[in-house]
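Going by the order they are written in, the chains are A, B and C; count residues from 1 in each one.
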Amino acid sequence: MLKRRGWTRIARVAARAGRVLGLALCLAALLPAAPRAERVKLVVLPFLSQAPIFIALEEGLFAREGITIEPVALSSSHLALPGLMSGDLDAGIPQASPALFNAVARGGRARLVASGVMLAPAPCSYAAFYGTGLTLAALTSGEARSLRVSADPNAFEGFLVDLLRQRRGAERLQVQFREMPVPAQQAALAAGALDLAFLSEPWVARLDQAGVGRVAVGAEELLPGGQFTALMFSERMLADGQALGRRFLRAYRAALVRYNEGKTPRNLEILARATRLSPELLERACWPSMPADGALNLDSLLAYQDWLRQRRLIDRVLAPSDLVAEITP
Amino acid sequence: MRITLQGIGLDYPGPRGPLRAVDGLDLEVAPGEFLGLIGPSGCGKSSLLAMLAGLRAPSAGRIGFPGWTGPRPPRRLMAFQEHGLLPWLSVLDNVAFGLEAQGMPRAAREARAHAMLRRLGLEGFATSRPDQLSGGMRQRAALARLFVAEAEAMLLDEPFSALDAQTRVVLQQELLDLWSGTGRSVVYVTHDIEEALLLCDRVVVLSARPGRVIADITVPFPRPRRIMGPPPPEVAALRWRIWDMLAPTITPPAA
Amino acid sequence: MAHLLALLLAAAAWEAAARAGWVAMLLFPPPTIILAWLVESLRNGEMAESLMASGQRLVLGFGLGAGLGTLAGLAMGLAPRLHRALDPVIAALHPMPKVALLPLFLVLFGFSEKARMVPVALVAFFPAAIAGAVAVRAIDPLLWNVARNYGAPPLMVLRRLVLPGAWPVLRAGLRLSLNAAIVVLISVEMLSGNDGLGAAVWQSWQTMRVEQLYGTLLVLAMLGLVFNRCLGR
């Protein structure tokens, strides 16, 4: 009996210990199910086109989704692409570029998930060919002209130049590309060494302010609705049934909604801090269109790729299914 | 050509004001004379030579060439202890250096340089660089450069002191052979008493700093001299006389 | 021979690693792909065009900069007072980032080809000037005495003493000049060139065709080897 009682006591102690252990294990198992903070390495470029990222960061929209952002400050989206493709960076808003298409075509695992800047008709031009007096009407008047244009013929603006030349009445335009750093463009325009320079904000506002000239042709006039930048996710964001990506995208969409409220004092304050531009300049600048639903313009991406393929700048044209990951909220 | 030095003084900049290296020195070099300058280290022998060559101005006194009527100052050319050949020039170009400096056309100066090289047994080394030669051959080339330029006076600053004893004797003899019959004056600086006596007509002994003339000795050794053999007994005796004069200047005075 | 073997071995290892997927093909394409691009660009004349454009800028920019630098350096070496006057100026201007001033040069030189050569010439100037001054002062004073004593006229002193005497140090300076000029030329072309090797490098990143980067760098290495060899070892 004694022996048996001894055994029961041992069994009772063991059972109690087991219960405690089990509870602990259950708790541990429950923890990841709770909205645990996930770290996301986010590319932050100092441009107005990155506005949703700045807003989401400042307003705690990522934190609300349980995402801790590790910002990686870079100066150009070209620097971000290798990291996004290899998965060392998780998210960013790069420009649609031959580098982006080729990287994906060559096995890069990042995908576009939502729209960034779109060349939507607006009362102003976020990106434009800037001149000292030329207008679209003058350029398409059928007159023969030789234009010195500061633009990269192998990039998006090169595509826009070709779209301009395809316009009726622009057949006799001769274009000479002159590449130069942005700060030099202003002086070149003023000195008459350039006819047009491809610019985006805040440079358009700056040149307007300096009285250099005016927008000759807005990018949105040449490619209405064109996809200029887009949100891109690395493979990790799309794994596990897109769990992390979906959360990030929710924050991003919320930021887009805030952004589309326009030049509110709060938005101005956030963007002035993030881009280090003066609030006055920001107030004057043309804010880029970014559709609040984040829908990508796939046609424009295909048209751009077709043009790049003709110029042999990309290996192949990516089908939307290869380039874009649909995320269902 | 006669050279006169009168009241020559030379100051070196020292840590506590100028240091007098040579003081009140009077000297005369007779035309065609082979004059030796001997003295302890630091007595200003080499500086004196540099002043004679015009490479350095005396701090006091004057150097003159009485009777010189040429259109230019008389040429006084030096030979140096470290040969002073230009390492990037061929032996031929080095030997012809003085002639080139005088503006002689290439063909003429090369012909003379070749002749001089032949005389000194260096004809096979005309296209060699100085660093391809032995020490003795380099000094020979330096002598060739000196003599081919036919200066009015030649100033030699211990040219053989870095050579081994055998080579030195051979070169001393070659120097005498080159010089004899030229009628040019030579001032030869050395601190080797025996060398001075073997080569020179007259040996001037300088004191320790500040350098002054303490003896002026005519060497009783008839020319042409053969210096490979034993020197005449008078010469050997002179050696000890000079040594006695120099010894006290070399031994540092007891404190 | 040993160099070549080591290079081949390294290339083979790279090839294997890339093909096996141990390194990211996107950033480290295997050598065969790089070579294929190189052959194609040589065949279709793109590389020749880039080389011509860069080579011309390099020869003119480096020639002008290093030439003037050598003259300034030799002059400073010959005239200590000039050296004392110019040395602080050189010391202050040498570390200036010439590429950062490119927009200014573009404005000052009317956005012409000259503006692209100015930074190249400027970086080439300083090492040549510094080396030139040091080189002249490094000439054995005994040889100066020889030249003076023999009454060599100035032109002969320059030809027989200064130039050959300064050459070894000057040559080292010119090699530094040349390599600095190449680096800056590529940077300038990356920033503002429609053509040239630097523009090709930039384009390779813009299109993420990294084999173009490696291929261009390979040609650049060859260019450096040839130009440096011209200046001796």
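Keep in mind that, in the parts below, contacts are C-beta pairs under 8 Å (C-beta built on N, C-alpha and C of every residue); 3 or more make two chains touch, one makes a residue touch a chain.
If you're wondering where the values come from, they're calculated on a predicted model, not measured in any experiment.
Engineer: Once you draw an edge for every pair of touching chains, what topology comes out, line, ring, star, complete or other?
Structural biologist: line
Engineer: Average the C-alpha coordinates of each chain, average all protein C-alpha coordinates together, and give the chain whose average is closest to the overall one.
Structural biologist: Given all protein C-alpha atoms shown, the central chain works out to be C.
Engineer: How many angstrom lie between the CA centroids of subunit A and subunit C, rounded to a whole number?
Structural biologist: 38
Engineer: So the centre of each chain is just the mean of its C-alpha atoms; given that, what is the distance between subunit A and subunit B in Å?
Structural biologist: 86
Engineer: Just curious, how far off is subunit C from subunit B if you go by their C-alpha centres, in Å?
Structural biologist: That pair's centroid distance is 50 Å.
Engineer: Okay, in this complex, where on subunit A does subunit C touch?
Structural biologist: 78, 81-82, 85-86, 97-100, 102-103, 106-108, 152-155, 177-181, 183-184, 187-188, 191, 193-194, 313-314
Engineer: What residues of subunit C sit close enough to touch subunit B in their complex?
Structural biologist: Per the touch definition, subunit C meets subunit B at residues 142-143, 145-153, 156, 160-161, 164-165, 167.
Engineer: Applying the document's contact rule, which stretches of subunit B touch subunit C when the two form their complex?
Structural biologist: Interface residues on subunit B, with respect to subunit C: 50, 53-55, 75-78, 80, 82, 84, 86, 88-89, 93, 97-98, 100-103, 149.
Engineer: For subunit C, which residues count as touching subunit A in their complex?
Structural biologist: Checking each residue of subunit C against subunit A gives 24-27, 102-103, 106-107, 110-111, 191-194, 199, 203, 205-209.
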